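One chain, chain A, appears in both complexes that follow, with chain B as partner in the first and chain C in the second.
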Partner chain A sequence: MKTFSRIVQVIIFSLIAGIVINQFHSQGMSWRTLILPAFSKYGLVETNMIIVSADSALVLFNNKSTIFIDVRKNEDFQIDHIPLAHNIPSSSIMRADFSDFDQVIFKNNVLLYDQEGDLERLKLISNVWPSQGEKRVYILFGGYLSWLQNQNPVEFDG
Partner chain B sequence: MIRKSASIAAVLLFFVIQSFAQKFELLSPPIVDLGTVVEDTIAQGTIKFINAGDSTLIIGRIQTSCGCTVAELEKREYAPGDKGEITMQFNTKGYSGMARKSVMINIDKGSPARVRVELQTNVKPLLEVDPSFVNFQEASLNDKEIQQNLKLQNNYTDTLKVSDMETNIPGLEIFPKNFLLLPGASENIHLIFVPDKEQRLNGYIDVKVEQPVSRLKRIPVFINVNP
Partner chain C sequence: MDKSTRGKNILLLILRLFFGCLFIYSGFVKIADPQNFAESIENYQIFGTWLSQWGAVLIPALEIVLGLMLLLGFWMKEALLLTAGLFVIFDVMVIQAAARGLNIACGCFSSSQNGLIDLWKILANSVLTVLIFTAYFLFPKKSQSAN
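Then we have the complex of A and B:
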């Protein structure tokens, strides 16, 4: 019984130490990324996230009412992307590291897209997205590839 | 004096290295588009390149982004002005819609050190679902019921048998739940949802197929009932 209690203590201590170290580590996740998904699963966190198809995304694109955010790696973004999209890699969002980006982005409705539309990852990202006010966060179903499949406009760098 | 001589030697060495450079230059676009292919086939494409430098270029490992893609090179060493081809094959089994796979070419002797090429293809699924997900996110409590049709198309060369359609969403009705589809034929699936309380529900519809192969196709369902 004593050994069991010691093991539990070590596990709890390791968990707390891990969370603390993660907060100070340069590649660590923000506390929101760690904590919020657990609560959002049970509907305890309000979210404005809406999943849209590539057709609906094109309507948002043409309305110019929504800022498109490409959460892929910069090297993927450089090959091609949705025109006028901003590249904020998911790793930066997970760390809640938004200092390098234009703060106007966070005052608008945004559409987040990745390469293939990994919904679980995008939901996690949308939960930590620093929306200001009652702004909507859209997620592109099928990701950038569904945008390509619909033959929507793309922009090539270089 | 010694420092000055060393600096001049370094500059000269730099120019010598520059003049005997090996340069990998793509002759094809960095995105190789293979067009539309049917699921469960092999899509094939080639990348053409040239050694645009003036000494021998040596290509090292060629890495692909998944096990479904293979890339082959005819030889490793290319003399100045030599052209080469990399053949790439992508197995589309289990894929549907647009797919993109990366091929990374590592260059052992030459520049740049790595070149990335994308293999792109539009995979036509054998069991096609249109639209690809069920969207009831603009539902309201004022709606008595919301309806949507899903089109299932058989792109197999044999008759397709759907034995059941199940959902984990309470209150979502589906019909028909079992039917036969001849090759090339399609069936409209009727969905009805009655919003009874303000809620967000994310789930799926599973299409169970018995023929010509036993498989399960999952269609995502997103429901958001607003006040």
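Then we have the complex of A and C:
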């Protein structure tokens, strides 16, 4: 019993230490990424997230009412992406580090997409997304691959 | 103290120092890039994104704490048990990934995406697991309460 109690103490201490270190670490995980998904799972945190297909995304693209955010790594974004999309890698979003990005983005409806449409990751990202006001966060179902399969417009860099 | 007890104590000391240093090194390497380590955990396709994030928060800190406990000889029985438990978990994860044919980085002693899982990686991890269990069984059980 004593051994079990000590093991639990060590794990709890390490967990608290890990959370604290990550908050002060420039590459660390934001507490929002760790805590908010637990609440949103049970509807305790409201999210304006809407999952859309590549067809619906194309309508949003043509309306120009939504800013497209590519959350893939910069190297992938450099190869090709949806035209006019901004690249904010998911690692930056997980750290809740948005200081380097144009703040106008957060005052608009956004569509987040990754390579394959990893819904769990994108939902996590949408929880942390600092949208201002009642702005919507769309998620592209099937990711960039579904956009390509639909033969929607693509922009190549270089 | 007879020769055999002294030999056991020396072996235990060597193993403690080895695993202490190994865990502190491994913990610091992982803590330097938590996002990459979270990705490494997620690649095993056992835990989802969110749990992988928690794993990337807990495991490096736990490794550093356990490393320090092993080096300082604090709560030794618990430190050895937890270290052995961690190695068993790592082994199970690596072996199941290999069995499923996942072509992923181990992430065992670094947060990088290099160093794919292969037979050598499984063998190395198994040897380390055997060594940490050896250390646990060498630890004199009667002196536990003295710690």
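Worth a mention:
Going forward, the second predicted complex is superposed on the first by the 158 of 158 C-alpha atoms of A that agree within 3 Å, B and C clash if a C-alpha of one lies under 4 Å from a C-alpha of the other, contacts with A are read in each partner's own complex, and residues count from 1 in each chain.
Criterion: a residue touches a chain if its C-beta (ideal position, glycine included) is under 8 Å from a C-beta of that chain, and two chains touch if they have at least 3 such contacts.
The shown structure was predicted, so the numbers you read here are calculated from the model rather than taken from an experiment.
Once the two complexes are overlaid through chain A, chain B and chain C fit side by side, free of any clash as defined at the top of the document.
Taking chain B and chain C in turn and counting the residues of chain A each one touches, the greater count comes from C. Contact with neither chain B nor chain C is seen for A:Asp157 once the two complexes are overlaid on the shared chain. Applying the stated contact rule after C-alpha superposition, one finds that A:Met29 touches chain C and leaves chain B untouched. In the superposition on chain A, contact of A:Ile51 is made with chain B only, not with chain C. When the shared chain is aligned, chain C comes close enough to touch A:Thr3, but chain B does not. Looking at the shared chain after the overlay, A:Glu134 reaches neither chain B nor chain C.
In the superposed pair of complexes, A:Ile79 makes contact with chain B only, with no contact to chain C.
Measuring from the middle, so to speak, at the Cα centre of chain A, the directions to chain B and chain C differ by 80 degrees in steps of 10. Taken over all C-alpha pairs, chain B and chain C come no nearer than 6 Å in the superposed arrangement. Against chain A, the residues of chain B that register as touching in their complex are 30-31, 97-100, 116, 118, 120, 122, 131-133, 135, 137, 200, 220, 222, 224.
The part of chain A that touches chain B in the complex is made up of residues 43, 50-53, 75, 79-80, 115, 119, 141-142, 145-146, 148-149.
In the complex of the two chains, the chain C residues touching chain A come out as 31-35, 38, 48-50, 53-54, 56-58, 60-62, 64-66, 69, 75, 77-79, 81-82. Residue ranges of chain A in contact with chain C, taken from their complex: 3, 6-7, 10-11, 13-15, 17-19, 21-22, 25, 27-29, 33-34, 37-38, 91, 94-95, 118, 120-121, 124.
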